[in-house]
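Once you've had a glance at the structure underneath, I'll fire off some questions.
As written, the chain order gives the labels A, B, C and D, with residue 1 at the start of each chain.
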Amino acid sequence: MFRNNYDNDSVTFSPQGRIFQVEYALEAIKQGSVAVGLVSKTHAVLVALKRNAEELGSYQKKIIGIDTHLGVALAGLAPDARVLSNFMRQQSMSSRLLYNRPVPVARVVNAIADKAQVNTQHYGRRPYGVGLLVAGVDETGPHLWEFQPSGMVLEYRGASIGARSQSARTYLERTYEEFAESSREELVLHGLKALRDSLAQDKELTIANTSVAVVGVGGEKFRLYDGDEVGEWLEKLGNVQSSRGGRGAEEEEEAQAAPEETMDTTE
Amino acid sequence: MTSIGTGYDLSNSVFSPDGRNFQVEYATKAVENGGTAIGIRCKDGVVLAVEKLIGSKLLVPGSNKRIAMVDRHVGLACSGLIPDARHFTSRARSEAASWRKFYHTPIPVSSLADRMGGYAQAYTLYSSVRPFGVTAIIAGMDEEGGPGLWMVEPSGVGWGYFGAATGRGRQAAKAELEKLPLPNITVKEAVKHAARIIYFAHDDNSKDKDFELEMTWVRHEKLATAESGEGIVKGWGKHEEVPKELVAEAEKLAKESMVEGGDDEEMEVEE
Amino acid sequence: MNSRHTGNLSVDGVHVDMEHLKKGEVNLGTSIMAAIFDGGVVLGADSRTTTGSYIANRVTDKLTQVHDTIWCCRSGSAADTQAIADIVHYHLQMYNVTNAEPPATRIAAALFQELCYDNKDNLSAGIIIAGYDKRHGGEVYSIPLGGSLHKQRYAIGGSGSTYIYGYCDANWKENFTEGECVEFVKGALSEAIKWDGSSGGVIRMVVLTGRGAERKIFFPDENYAGDGK
Amino acid sequence: MNHLPEVWGRPRNDVYGAYDHSYLQGSHPMQHTQQPIVTGTSVIALKFNGGVVIAADNLASYGSLARFTDVERLKQVGTHTVVGAGGDISDMQHLYEKLLDSLIIKEEYQNDGHSLRASHIYRYLSRVLYHRRCKFDPLWNTILVAGWDDGKPFLASADLLGTTFSSPALATGFGAHLAVPLLRRVCPDENAVKSLTKEKAIETIEECMKVLFYRDARSLNKYSMAVITGEGVEQVPLSGEGKEKVHVEWKKDITLENQSWKFAEGIRGYGAQTV
């Protein structure tokens, strides 16, 4: 990528009407490991791949609980995600305190979207460098939203963010019609398969690097599964072959898809 | 754009030697890449319609709304950077709410458009901010003025319209809008025209992409069901989504007119 | 009513009650009213201002213009109500120029209410707002002490009004003509003046219609007769 | 005469001593609303099988003066709820026209299928009332919130102190003394709600309004009533969850009927009377 005159800050439009600083912030998401989210009629699921910086270090947190009906998976700058998730927790608590109502998923997502937009319009600020998948359940059912540093938020039936997430997305696009009617377990397995498809050649899903979170209608609380708790799902996954053969081609695909993606905020 | 990169386009609030503010012009470019949005002012209300481009089949159909309610009697459709549109909408809501709080009455559409023009303009004045990458169409209906349709651009300029169009397909849409006998049609007729125009503009500019048609209207509550008479209807309107059946019917007619191929003037709207 | 900071003991031990002094200064016993008719609205008031039992002004004008055809009758503290009317007058002028249309009567009423309600702890103001605009015709609003707002077809206020509740209820009719309405207001106010020691003097009126604002005046020594010109 | 403007219009320093500015400093206690001025009296409400009925008269009193006789003290908030307020009318208007109206408009912005139901509005109002009493600037009202919520009738009260209370039969003001015993006769507890019909509930409320008119000197014989009923559940596409349909039936300008006064003819009072 070449340096140009219009990419110093987020208050300068390029002659084409683009804001490069914001687009670069979107690139920061791809520095993070992959996270996948998907919804059925009854559940919302997040799965994510955890990285550890060194052999003896702990694995980084990829999924953060916000409230009993709501949680997020992140890709990109984890400290930015912490700021945003703390803000979401505040929104959530204030909704419970003031209205005795769990905050509707779309509204808490819109709240962080508005917060993020401000950082793209004022000099001296930087856009957030993290993408989020927000999964939650409210009176209108299970929901999955994607949040971007541009302040863009979109509701999906299935979505993936982070490094090599295009491969996961390919899986989701191929199978999304099955999601709605899936059972809780089927939905988790769809998520794990999508996640597995995005792994690098030498990697595999283990109980150490896989996080799963589930929330369901009818009062099933948001629950994060780590370590041994994901073992059973991974075993079931083991019986199913990876849906794609060669992996080299995928990376190329992603490289090509990138510039397209940056245009997402414009519509 | 003739003279880019002469050094006068790197910061907001800076004039070039020939008196242009390039950053504002570039913000307008962002709008021109956005999905088409139109507004039609009728004798008994106003219709808003947007071409919501669908970037992925994974998106939840019907979700991710693009036309916002600003107050009970005002709707706002934007083209351009969507996050900026959310910010702009939220400001419009604050303006409408503060008016209500102060005057105990809903804000007249023209006053709202005026204030929003002022807000957009403030973002062209300082090097510490950038202009809004958004053109907003504000539609409403008030007691004094009846149906009102305004379009506010990134520069802060705002005009009243009978038919307004912005976004990628604005040229095609404008050409179609000019053929309508505005404002002497009813919103029910306008819904069909709006659908057709959005389909036409889409076909003209972003044929390869999927889109959803989103439509709302503002009508007077009491006259909403009654046949509207000859003159312009006045009174506080209500902004709401166009009923699904009407949208479906309008889309069906729009698709048929596309198949007929361009010769859409033939399309008759019976009401 | 307002018991804040009442009574300060000064150094030499003399009790100075500023609040009480203020009360004596402002007490504005009065009779005010407004009533709508077909095509407009009439405002009326007596002309007596008292300080205790002394009549400080016997020809007071209690009818105050806040916009072309939006007026108000003030009761309570003269200082408070004048200040409020001045502020509302300012806002209505601003409204007129920034929105390129004259304000409706209810906008004036809303502004009065905002001020009276938000500052209720520090104000003693009972205000009747009456106005005419083409769209809504004549309208009358009443804002009593706490700062609530009541749209009415006729409103009465001030200390003298308590004596004429019965008179007004019995004599008011829907669809008054302008002349009938003036007679109604005059009849009511002359009763109030008769029974209330804090009301008296002439009866002033303002009639607001599509023609604009017109004043009328009736004199006690003429038994409030005549056409008021 | 002193030429300094600051002493104009106040007692002479040589007689009364220097002006004591201490009250202008911020350390003294602040006092806000001392009392309600224009007031409304009771609000009464009763749950029944399938809904709630709530009523309040149309009077705003100024002391003992019946100042305004056309005041609506019930307000529909959103689709599921009716709120009734007694106490200061200006505070009621603030609550209704500033706070609740803007609350509902903000809710309408989203257009996302969510709506504030009775319990949500009740929580909001009780928080507002408690917040204001903590500022020592209370909103001088007692309110009842009636509605349909989560498949059940909802009824609860909150007052100017932020006290909250719930019961199948509730009344504020004078009604708390006069109406509650009558309401409890037909609906002593939550279990009794199931066997109470809408017609019987309305009839009981009407009877209470009559007793209140007989015995509350700040009441009026003209009142409003709202009946909120649950009308089953509507399926929401996609989520599989149900959305409640609620109907609110309004009766305004009701005049008290079937009053009993004739017996007065037979009453003879003090003194040696022959007729």
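The definition used in the following text is that a contact is a pair of C-beta atoms (placed from the backbone, for glycine too) under 8 Å apart; a residue touches a chain by one contact, two chains touch by 3 or more.
In this text the structure is predicted, and so the values were computed from the model without any measurement.
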Which chain has its C-alpha centroid farthest away from the centroid of chain B?
C
For chain A and chain C, what's the span in angstrom between their mean Cα positions?
64
For chain C paired with chain D, centre-to-centre distance based on mean C-alpha positions, whole Å
30
So what's the Cα centroid distance for chain B and chain D, whole Å?
43
Go ahead and note the Å separation of the Cα centroids belonging to chain A and chain D.
47
Chain B: positions in contact with at least two other chains
104
What are the residue numbers in chain A that touch two or more other chains?
none
Among all residues of chain C, those touching at least two other chains are 149
Among line, ring, star, complete and other, the chain contact graph is other
Touching pairs among all chains present in the structure
A-B, A-D, B-C, B-D, C-D
Residue ranges of chain D in contact with chain A within the complex
110, 112-114, 116, 119-120, 122-124, 127, 236, 238-241, 243
Please give the residue numbers of chain C that touch chain B in the complex, ascending.
95, 98-101, 104, 106-107, 109-111, 113-114, 135, 149
Of all residues in chain B, those that touch chain D in their complex:
65, 68-69, 71-72, 93, 97, 100-101, 104, 241
Which residues of chain D touch chain C once you look at their complex with the stated criterion?
9-11, 15-18, 20, 22-23, 28, 31-34, 36-38, 60, 62, 65, 67-68, 71, 88-94
In their shared complex, chain D is touched by residues of chain A numbered 41-42, 97-101, 104, 106-107, 138-142, 180, 217
